[in-house]
Each structure stands twice: as C-alpha cells, then as structure tokens.
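Pasting the structures here.
Shared between the two complexes below is chain A, which pairs with chain B and chain C, respectively.
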Partner chain A sequence: MTTVEMEDRAAFRTQRRNSALIDIAGVLLTILIALVAAFVIVAMLGKNPVDAFTALITGPLERPNRIGNWLEQTTTLTILGLSVMIPFRTGQISIGAEGQLYLGALAGAVVAILLPLPLAVAPIVATVVAMVAGGVAGAIPGVMKARLGANEIVATLMLNVIIVQIFDYLVQNLLRSETSTAAVSDQIRSEYAWLRLQELTGIPLSRANVGLLVALVLAGLVWLLMSRTSLGFRMRIVGGNPEFAKYAGLPVARTIEWSFILGGAVAGLAGAHLVFGVFSRLEPAMASGLAFLGIVIALLGRNNPVGIVLAAAFYAYLRVGGDVMEQQTDVGSELIIIIQAMIVLLVTAQALPMIVRRLRAKRKAD
Partner chain B sequence: MTIDHEGAPGAGHPPILELRGVEKMYANGVFAVRGVDLAINRGEIHSVIGENGAGKSTLMKLAYGLEQLTAGSVIVDGTVRSIGSPLDAIKLGIGMVHQNLELVPSLTVAENIVLGAEPGSPLWVNRRDAADATRELADRVQLPVNPNRQVSEASVGTRQRAAILKALGRGARVLILDEPTAVLTPQESDELFAAVRRLRDEGLTVIFISHKLDEVREISDRITVMRQGRLIATHHTADTTEAGLAAEMVGRAVSLDVERGNPILTPDVLRVEDLVTSHSPDHALEFTVAGGEIVGIAGIEDNGQGELMATLAGLLPARRGIVTLNDHDITRSTVKQRRDRGVAVVSEDRLRDGAALSLGIDLNIVVDRYDRAPYSSWGILRPSVIRHAAAELMARFRVKAPDATVPMSALSGGNMQKVIIARELSSGPLLLLASQPTRGVDIGAMQFIYEQIVAARDSGAAVLLASADLTELLTLSDRLLVMRNGHIVARFDSLDGITEQIVGEHMLGVAAHVDTRGGVS
Partner chain C sequence: MELLGVLTSATFLAAILRVATPYLFAALGGVVAERVGVPNIALEGQMLSAAATGALVAGFTQNVWLGALCGIAVAAVLGVLLTAIVVELNADPIIVGIGVNLLASGGTAFAVFTLLNDKGGTTGLDSGTLPRVTIPGLDFVPVLGPLIGTQNILTLGAFVALALVWWLMYRARFGFHLRAVGEAPSAASMVGISSRRVKYLGMALSGALAGCGGVFLSMGAVSFFLRDMTAGRGYIALAAVFLGGVRPVGAFVAALFFGAAEAAAIQLGAFDIPTQFITAMPYAVTLIALCVFSTRVRQVQKDWRLKRRARLV
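On to the complex of A and B.
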C-alpha cells in the first residue's frame, strides 16, 4: 500500500496543500538563486552590483511610462505563455508561437491598413482575422503531427522560418510605407487601434492598452477550457498518456490538432496586440525572441493560467528593469538574459522543488 | 516478530547475511521498510513474501546497495558492512537477479555474463575467452545456456539462467532472486527450482522473493512474511500452511475460491470468424463467447493473445475475418463505436494503456463516459458530478484513497487495477475483454477482482480472459482456449480434470492438438 492510500481525507488535503506550497517555494527559490547569481556576476565584472540592482528592482516603478511599458510587456508575455501552454498540456512541444504570431499580425495588419470599417466592429474583425491566421499557422504542424506523424518540434520550427521570411519580405516590399524611410508598413487605420490605458485613466502609461484586460480574461478562458470543457478533458488525457486516450476511444489526432489550432489562435492574438495596441504598424523583427519567452513563461508558470500571468508580470518587470539598468549604470541588459537562462535551467531541471522536499523530509526525520 | 536461528543448516556460524533494525524512509517521508530484523543462514533457501508494496523488494535492494539505509545495519559474516552500491555488494559476495533481468539485449549471453569483469586487455574484450568462461561456468553449476546466442533472441528461461550465471560468475555466495518465476511457464519454473536446489546443495545461499505461496512452500527452507514495510514473521516451511501465510501477508484470512452463479447463456455474444491478426498472417482464429460465460485464453506470452485482444478492442486492424457482437459486425468499428456498443477492455499493460498516471482517479474513471450526461452537457464538464460519481465507484469497488482527485500515480498496483475494473465494469458491458487482470496485483485485490469478473459473468456479460497465470484461468474460466504461435492449439469445453500440467504441455507444444468440442459438450 502506498502512503496516500493510508491517509485520510484531511491528511491528504493538507499534504496536497503543502506540496503546492513547496512548488511555489521552489519557483521563488529559483528566481532568488538566479538573481543572486546575476548579482555575483556583476560584482565579478568589477561593476557596482548594488547600483545595478537598485535600478533593476526600483526602476520600473519610478515613472508612469515605465509602469506602462511593464503592463504592455506583461500583456504580450501572458498571451504568449497561454498560447504555448495549450499544446504543452496536450503533450505537444510546439515552438511555433513565433510564426503564428507573425502570421496573425500580418493578416490583421493587412485588414487594418486596407479595409475601412465602422469603429464599432473594426477592432473585433481585425482581431478575429489575426486569430484565424494564427490558428491556420498552428493547424499546419498540428495536422502534420497528428495525421502524418511528423515531429512537431521540427515542423513548428521550420514553419517559423518560412513565415518570418514571408513577413519580412512583405514588410520590406509590398507593404512597405512610401512615406517612411525605414522598412515599415503604413500605419493601421485609426478605427482599428486598441484603446490605450492612458485614454482611460489619464495617466501617461506609454503604450499599455486594453490588451491587458484581454490577456487577463483570456487567462480565465484558458482555465475554463482546460478544466471545464470536454475538449480540455480530452487534451489533458492525451497530454497525460496518449496510449490511454487511444485505448479509451478518444479522438487523439483531432485533440492534438485542436491544441495546435487554439494555441496558434492565441499566438495570433498576441500578434494583434503588437499591431493594434503597441506599434500601430508592421515592423521587421517586431516580436523577435518574444515567442520563445512564451515558453519560459509557460514553464515558470507551471502550465497554469494564474502562474503564467504572474510569471509574465515578473518577467516583463525584469525586462523593463533591465532597460532602466542599462540607461542608468554601465551594466548591460544582457544580464537579464543571464537571469533568464539560469531560470530556464533551474526550472527545467525541476531540481529546486526536489531540494526543498528533501530538506523538509530530513527535518521531519530528525 | 520471531526470528529463530536454531535448526537451520549452518547453525553455529554467524548468519551469512543479517539485517538489523533496518529502515528505509523515502524523501517524501514514506517508510518503505521499517524496523526489520532478518537473519539469512548459510546454505539455506530463504523466501521473502508479501503483497506488492510490502517492502520485500526494497529490503533486498538495501542489502544489494541499490537503495541506501536510513537506519540500521547490514552484517555480512558477522561483520558490520556499509554497502553503498551494488559494486560493494558484489565484492562481499552478494548477487541479485532482477525481475526484468537487466541484460543488454544486443549482446550475446556470454558477453552479458562477463560484462563488468571482461577477459582480455582494457581495450580489447576477448570474446572466445568470454564464451569459454561462460561454458565452463554453465557446466559447473548445471545451468545450460548457449553462450553465443544474442540475448534479444534468447527465451526468457535462457535469459534468466544467464542472469543467474552472471551473478555466480562474479562470485556471489548469496543470490537474491526477485520474483524469478513471474515470467516463466510451470515447466520452466520447475527447471529453475531444480537448479536452485542444486546450487543450495553446493553451498550457495538463496533469497527468493515472491508472492506466489505454492512456489514458496515448494522451494524454501524458511519463509519470512512482510506486510506494510514490517517483518511479520519468519517460519520454517514445514510449519506453514498456504492459508496461514496468505492471512499473514494480507492481515486477514483470504480465499481465492469464488462463488459462481448459473446464468442463462446468451449464445454467440462475441463471434470471431476466420480472424487474422497482425501476429501471424497464416493462422485464422475462430471461436465464440456466450453471454454468461468466461472463456479463458492460455498461452506463453507473445503467442498472439495480445494481438487478438487488441484487435477485438479495435486498437489493431484485423487483417482478415469478421468479428460480430450480438450479430452486429464490428470488424471495422473504432474503439469508441465498440465501447458505445458495450465492449469493455482491461488491457494487459495498465501503466501504458489503462491510466493517465499524472491525472486524478476521477478523470481516469470517467474517461469512457465524460462526454455524456450527467458528466457533461454541450461540451461543458460538470466536475462535481464527476467527482461524486468517482467517489461512489471508489466505494463500490473498494478503491482505497482519501479523495477522488488523488493522482493515479500515487496508487499501488492493486488499487490502480481496481480503478480500471471499476471503470470497465460499471459501464455494464456486453463483452469484457480482460488481459492479465491481476498481474502484479496483491492477493487481497486479486480476490476482489475475481469476484467482480465473476459477477459480470453472472449478470450475463460475455468475458474473454487472457492470462499468463494458469491458476487464475482454471479458477475463473468456464471454457479454455490455448494459443501457441498465433493459433488455437487446444480447446477445453469443460475444465473437469484439467490440470495446470496438461494446459502447460499444450502451451509448450509438447502435447498434440486437442479439441474437446465433440467429446464433452
């Protein structure tokens, strides 16, 4: 008999609560270790780590526009984290968010540049177009994986390359603005722009916009999808054990396809946020590296919508703080990448929760 | 706890291996072994028995250095030793043969046996010396093997002999055999026992881990019973009875005899005609199962039973032939369509096919019905309904867990199998396809699962039961088919007077083709 079987309900609940706390403690410890290591590295470079860390930690809150930057990045990273989480929970290692984001941004922007629409429907139409485009970009590797047995990592990675090339080509040629010297597209029509938080609150919050609320609502919807719908049930079973899903008669291939399509649609929404909320036009490399951050966010947030919102907020804060640090001290924002790398290593190794558990067990035994 | 040193062979010497106050606590605070005192005498065959999870394997892993003690000591030949790794254990003359035999499949028998102590120079392994050494060792201890055979092509019996030779070749004086007969036919088991006795007579000490009581009583000099990590008692074999040992293992009296009703048979619920599976293209299968009967399928593993069951469940396509369920052709139906028509499946590998281990009991138990009312409507799940239904099934099928949301991975084998049985039988199946339903399940759960399968039969379900355990087949079946090389080589329509020996001979192909259709029924 295992120990769980011998426990009563109350003991089990306590134990489950404890293990959730251990998980959270592990994540916090991960972050702390990464920050301490970064601190030591700065000191070893002969620079002043106290100044650098003061800028990093207090910088983002010092001015409203920095808070705005923080909220804007939180929005993008939350949506991307959620987009990665859906296939992850279905057991699919999709790294296609980048291509899906760009295709969504491209499709949304084309509509928003060329098609005059009434203000009431314009943002919704363009957002739906972006999400459908992202979904299509997700469906391609999804079908390849589910029906043809292609490796989803390779399929999504290759598709990223293709889409990014097409995007760059179009932005630099067909869609290139005639009025701008840089290789960017025309501005989107004004009726498509997402409302800035500055217009709502009167505080100069830079480019932060209603996308933040969209991201929070989306987190709730993704939670509902995974835990309250039969599609989410199928995704969890397929993610838990695809052989079991097959044996139980679940439509495994279709479930995998849906996870890619929905993940792609959410990534397309992230693209819509960048076009309609942040840049108001297409720019080359407008989201470079962001999609891969989505993977970090999903891992750090333990593939849980609430965790992803928190992880995105934390990570966006670091990025904004890193920029402040770079401006105010002689420590470059590359430090943030070091911190990110440490976090990825520690989280993927899952070492810390285990260490916390072991320490607790030892204390209990003594 | 009783430990007696007198009377056993080797009295007067210190025990060759003694565990004193041994404890193993895992990092999560779970005790796998607690306060065990066990003395193994020189030259005895000592069995350690217990249900799954009783701690018997862990105890032996502690002695072999695969797990580290959290308290207590290991004493070899009267000296306290610290055994940090299997290498330490081997140096002290302790060898272990694992249940899954841990050999390298792509190497030959001889190469496996010398692995870790290869003849030749550090850069060059001398294969001929390896083969010669193997042959010499095999002759000396009378365990015949072909040294040049690749392990992946050798039979299970050969692999097991190779694993034993490997331990002996490295100088084992104490040999630990972890559930050695789990994968053997009765005949192969008999050969193993003869070899073990011979080795004992030559001075080897053997520790035999098992949960099969008849075997243990046949082979051992003394028997130690473990339950829930503790040592319950050590007996001389002559002082034991099977019932007594079973009661000590489980903590209460158990019986595997199941009361069976006399249901009215519904003929041909399952009809299999001219069916060719992916196992062997040359052999067509033909049989029927009536509602209200249990038809057993005996056979050495991998003789086509797995493919037959998977084909009937819809997991593998039929190459040819027709399968009907109540006269409805289901040959090309999907798994889902079959399940909707009343097919229930207990698959042989429950970890691979039977459960999603990381998810809760509740999700696992409704996996065949989550998309119907009352569990969901319009694609929206109703988690509280699912949890309540799961809790009710857990109570009815005696699944022991504090909560319906406990992940399957936290359950022991027997309990996990009860969850699967609960799911498959609560759907009220017309046809139950059960493969190895009690493999690796402890005796208490086994009894319960037997009762449930018979209850399904008594209520009119057709049951097709494939098992490697002949006792189980003879206990449960109304009729019996024997499969070998992908076809049905014998068929018993009545099990009166049929013994394990007779069935075993058909499994091995020693006896001629038999069909008792005309004679008995």
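On to the complex of A and C.
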C-alpha cells in the first residue's frame, strides 16, 4: 500500500468514526430530551414526577423476576429489531414483521403440539420450521415488490391482517384447547420448550430463557451477513443506490427478495421465542404491537446489530419500568408509549445529528 | 337462501353505510395525502386522536359540536406535525407516520387515564352522539328511503366530503397545485407554487378528513371512546386508497367495499362461516389487486403519464 493510500484510509476511518460518534451522541441526546419532556408532562399534570421516574428507572432492577422480564423482552425486541433491519438496510420499508412472527409462531406451535420428537432434535426442528414459515411470509411481499413492483408497505400491511386472521381462526377453532376455558391452544410438548435461565442459574428470572443467547448470537450473524458476505454487500448497495446497483449488473430483484426472506425468517424466530420460551402455547394477540416496536428498535439502533441490541435492552427496560411505575404511582404506563413516540419522531428526523453537522461544517468554513 | 336474505335486507345495507363511514373519510384523506406526495400512514393515529378528543371535549363541555370540531382540529394538527417533520427535517414519512401513530395511541390512553382514571375508555363519561338526520321526502322512496333516509349526519357528510374533495382536486386551483406538487415538485416550484405551503394545507386537510372518520367512531357509531378503538381502520383506509387507484371516487368505492365486508362479517356471525375469513377477504382482494395492477402498470410504464402511478401502486 502506498503512503497516499494509507493516508486516505486513515482519513476515511477518522471521518467514519466521527460520524458514528455524532450518531451515538444524537441518539443519547434524543433519549434524554424525550425523558425530560415526559418528566415535564407528569409534573404539569400535578403528579409527583420524581416518584414516578424513580420507579421507572430503579424499578426493573429491584427484583429478580423483573430482571427476568427485562431479559425476556430484550430477547424478543432484539430479534424483531434485527428482522426489520435486514430489509431496511436494503432500502425496503417492510412492515410485515407482525405477520411473519405470527406465521412462524403458528407453524412452530403446530409441530410442537402434534409431533413427538426426541429431546435432542425437537427444539431445533421446531425453530427451523418457525423460521421457514416466517421466511415464506416474507417471500410473498418480497416477490411482489421485486418482480411486480408492488408497494411493499401496502403488501406487508395487507398480509399482516390476513395472517393474523388465519392465526385467530386456528387458535379459536382447530387448535383450541379442550381443557382451557380461554381461547388458547394446547400446551406445547415439554421437549420443545426452550431452557429457562432459571434452570441454568437458579435465580428466579421469570420467563427469561436461552433465547437471550440466541438473540445475541443472531446479532453477530446479522453483522457478519451485512459486512462480510457478498449478499450483505449487495443488500447495502441496493439499499444505498438501486440505480447504481442496476447499472453495476447486480441482481437487484433477487437481492430484494432475499432481504425480505431473511427478515421474515428472523421474525419467525421471534415467534418461536414467544411460543417455546415465553407462553408455551398460542394465545390470541400474543404479539400485538410488537412488530411496530421492532421498527422503532431498528431506527433507534441505527440499523446496526450492536445498536439494536442496546436499543432493545433500553426499550425493554422502559417497558418493565413503566409497569412498575404504574403499580407504585398514579402515573399510567402509557407514558412509556409517549416517550417511545417522541424518540421515533426525533430520531427519524435526525434533527440533532443534522444540526451538529451543520455547525461543524460552518466552523470548518470559517 | 336465508343468507341471501340477510345480505340484501335494508338493515344490512344501512349497516354497510354505518360501518363504512370511518373508512370513507379516512380513504379520502389518504387520497389527498398520497396525491400531495406525503404518504399518510398516520391516518390511524389521526382517527384515534380525533375520536378521543371528540368524546372527551363533548363529555366535559356537554357540547357535541364543539367536541367534533376539536377532534377534527387535533387530527389536522397531527397532519401538520407529520408534514413539519417530513418537510423541514427531511425525515421518512412512513417512519414519522408510525411515530405519530404511537404518539396517538399512547397520548389518548394516557389522557383518558389521567382525566377519568379509567384504563379502558370514556364509557363513564356522558358525551352523547352527533344527531341523526332524515333527508326530507326521501323516506317515501321505496328502496332508498329506509336505506339512507335516516343516517348519522357524518355518514351523509362522507358523501358531501367526496363531492368536495373531488371538486377541490379536479376543479379548483388548489387541487391543481396539490397534484402538481405531488407529481413533479421541481416543476411546480419552477412555476411559482410553494410546495411547502401546499403540502402543509393538503396534509391538514387529509388529517381533518381522517378526523371526521375518527369522530364518527366515538360520537356517531357509539357515544364513548375506547382505548385503541380504531383497531387498524387507518390501515384499511390506506388499502382502500390503493385499491381505488389513488382517486377520490375509486377510493370511496373501495372503502364502501371494505365496509360491506366488515358488515357482512358482523351479520354472518350467526351463520356457520368463520368471521375471520370474511374479515380477511378484502385484504386478500387488495393484495391480489396490487399484484395485477402493478404488473399492468409495469407493462405500460413507458408511458410517462403512468410513471407516477407506477411508483404509487
């Protein structure tokens, strides 16, 4: 490598590091602004914001089962965030995670309720089935978008409703448990259940399970996919500049399809986590609203696997803290949704990083 | 045969209009937004906010008109907020829309809980409904009379809104500007149209229309607000927008079709047909239509006039 090349490379690295730092600072500042705004709202309503925020911030760590809830929700949200991130990085706004999750959960549960298998292979088989089902649910809008040019937002929204209705029908009719009065399915066979962290550590961590480790490994795999494989490289180019990708001779349609399929498979894994790790059966509306949260996580994590893990942990913490806050004070847990909304609005707007960049550019020009 | 009887009875036809009213308004709002070039996925949140505001204001002031007005205004303000973030801060409209929906979902539930100490909704608050009106003379017409003779004022208002939106978009100067900004922003600004102003106005109108639909939910169909009572109606309206080819009349007809499917799902609950399949049917139709239309649009994409629609569908 020549000296010039090395200097170029060094300059590029510095630039990339600086812009990443600005990004992180921007996200942290956004979170801070949202929390302060929520604090002011509570104060303006004549309630005690200090009590509420103490409960919100210290509550989740006070008891082991709350920590367990936090870890469990972190798992689901991390997987969902990663599932949304893959199409997002390819420039596809897929809102289909909900349908993919439900189809994955449905397929996995059907296997886990009906098919006796030896303990060694059962969880793997069921998880693969769930991921394949999620991938199929992702492939439908993917092919529609890539081959037919259909709007992926509308396609995924429609498919979500269709799958949720099928799910509801099956849970309330064919799969409905005869022993339970509520409209839920039978329990899954015990060999399919994911190992609870409680059994591993002896600490009563509620429903937290090995899914947490799966989610962390998955984050690593998605990072590998995006930055170390040719498919990931193609996805990033298609996402960054589809025209360029087309003229460079990349298979744009196939890349888009794969981004939907992989995103769907990951969402199916989130469904598997809910069925095998958390609920141990199918329940109606077991994941309602979670998929939109996946989008929020992906945004907050800046479409970066590490960021997504952190964002998911933060959000799960807020959700658990919100419940504690509602139990201990007279402030409703809906405050958490408002905080989320403010974060989404500010983060997408990239208002803060933009202002910082403008100021820096100005200073450079002077 | 019994089934056919239910589906053709006058009460069922009236039920279609009643169920479809929120979709009709929201779909018109969606068309306006789509045409001005800012996809409005926040229809859902705008309806929800309008429904909550309407019921709360009407309950506390005992004035349904003031409640309805405030509800519609809040929805319009959300439209302006969405536009501000999209236009001024260069954000993605879909993501901002999701943010607005979250804000509406959390904000309405939080407001209701704070004001009434009730998690579920405003059922404890006596807020009343907007009046039903009878078109004079129409009740004597044999078929039409029982059908649309007496309806909530907002249901009739939806038809008026259709006429107004159509006139505004195709016969008024503002509508011409609106479509110009949506179709070719640079050309529009070249001839001196302020795309920013048109976008703000268009999105406020879109929000207000969705707000009318929301107000109908809490002050027309029933007389209270329930948490998350829109239950995805905004997204259905969005589907109607695309199924109707992003045109006012088309979207209106599509919204009626969605209303009919939902009314059928309610009415056929007594029969041995799973309601879930009837509920899912319009979505399946939209999905298939989306495939068919986008293929067709692709084939004629060389025609520059269709390019814009190709992107939309």
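Just so it is clear, the second predicted complex is superposed on the first by the 339 of 366 C-alpha atoms of A that agree within 3 Å, B and C clash if a C-alpha of one lies under 4 Å from a C-alpha of the other, contacts with A are read in each partner's own complex, and residues count from 1 in each chain.
The rule is short, and it goes like this: a contact is a pair of C-beta atoms (placed from the backbone, for glycine too) under 8 Å apart; a residue touches a chain by one contact, two chains touch by 3 or more.
The structure displayed is predicted, hence computed values, not measured ones.
By the document's definition of touching, of the two partners only chain B reaches A:A11; chain C does not. Within the superposed three-chain model, A:M342 lies in touch with chain C and out of touch with chain B [touch as defined at top]. By the touch criterion stated above, A:G149 is placed in contact with chain C alone, chain B being left untouched. Of the two partner chains placed by the overlay, neither chain B nor chain C lies in contact with A:E62.
Look at A:E199: by the touch rule set out above, it reaches neither chain B nor chain C. Once the two complexes are overlaid on the shared chain, A:M158 sits against chain C while remaining clear of chain B. Of the two partner chains placed by superposition, only chain C is touched by A:L299; chain B is not. Once the two complexes are overlaid on the shared chain, A:L45 sits against chain C while remaining clear of chain B. Touched by chain B in one complex and by chain C in the other are residues 354 of chain A. The part of chain A that touches chain B in the complex is made up of residues 1-5, 7-9, 11-13, 227-233, 236-237, 240-241, 243-251, 354, 357-358, 361, 364-365. Those residues of chain C lying in contact with chain A across their complex are 39, 41, 85, 89-92, 94-96, 98-103, 105-107, 109-110, 113-114, 119, 232, 235, 238-239, 242, 274, 276-277, 279-280, 283-284, 286-287, 290-291, 294-295, 297-298, 310, 312-313.
Looking at the complex, you find that chain B touches chain A at residues 25-30, 51, 53, 70, 228, 313-315, 334-339, 345, 347, 352-359, 363, 367-368, 370-371, 376, 379-381, 383, 400-403, 406, 410-412, 415. Across the complex, chain C is touched by residues 45, 93, 144, 148-151, 153-155, 157-159, 161-162, 165-166, 168-169, 172-173, 292, 295-296, 299, 332, 334-338, 340-342, 344-345, 348-351, 354 of chain A.
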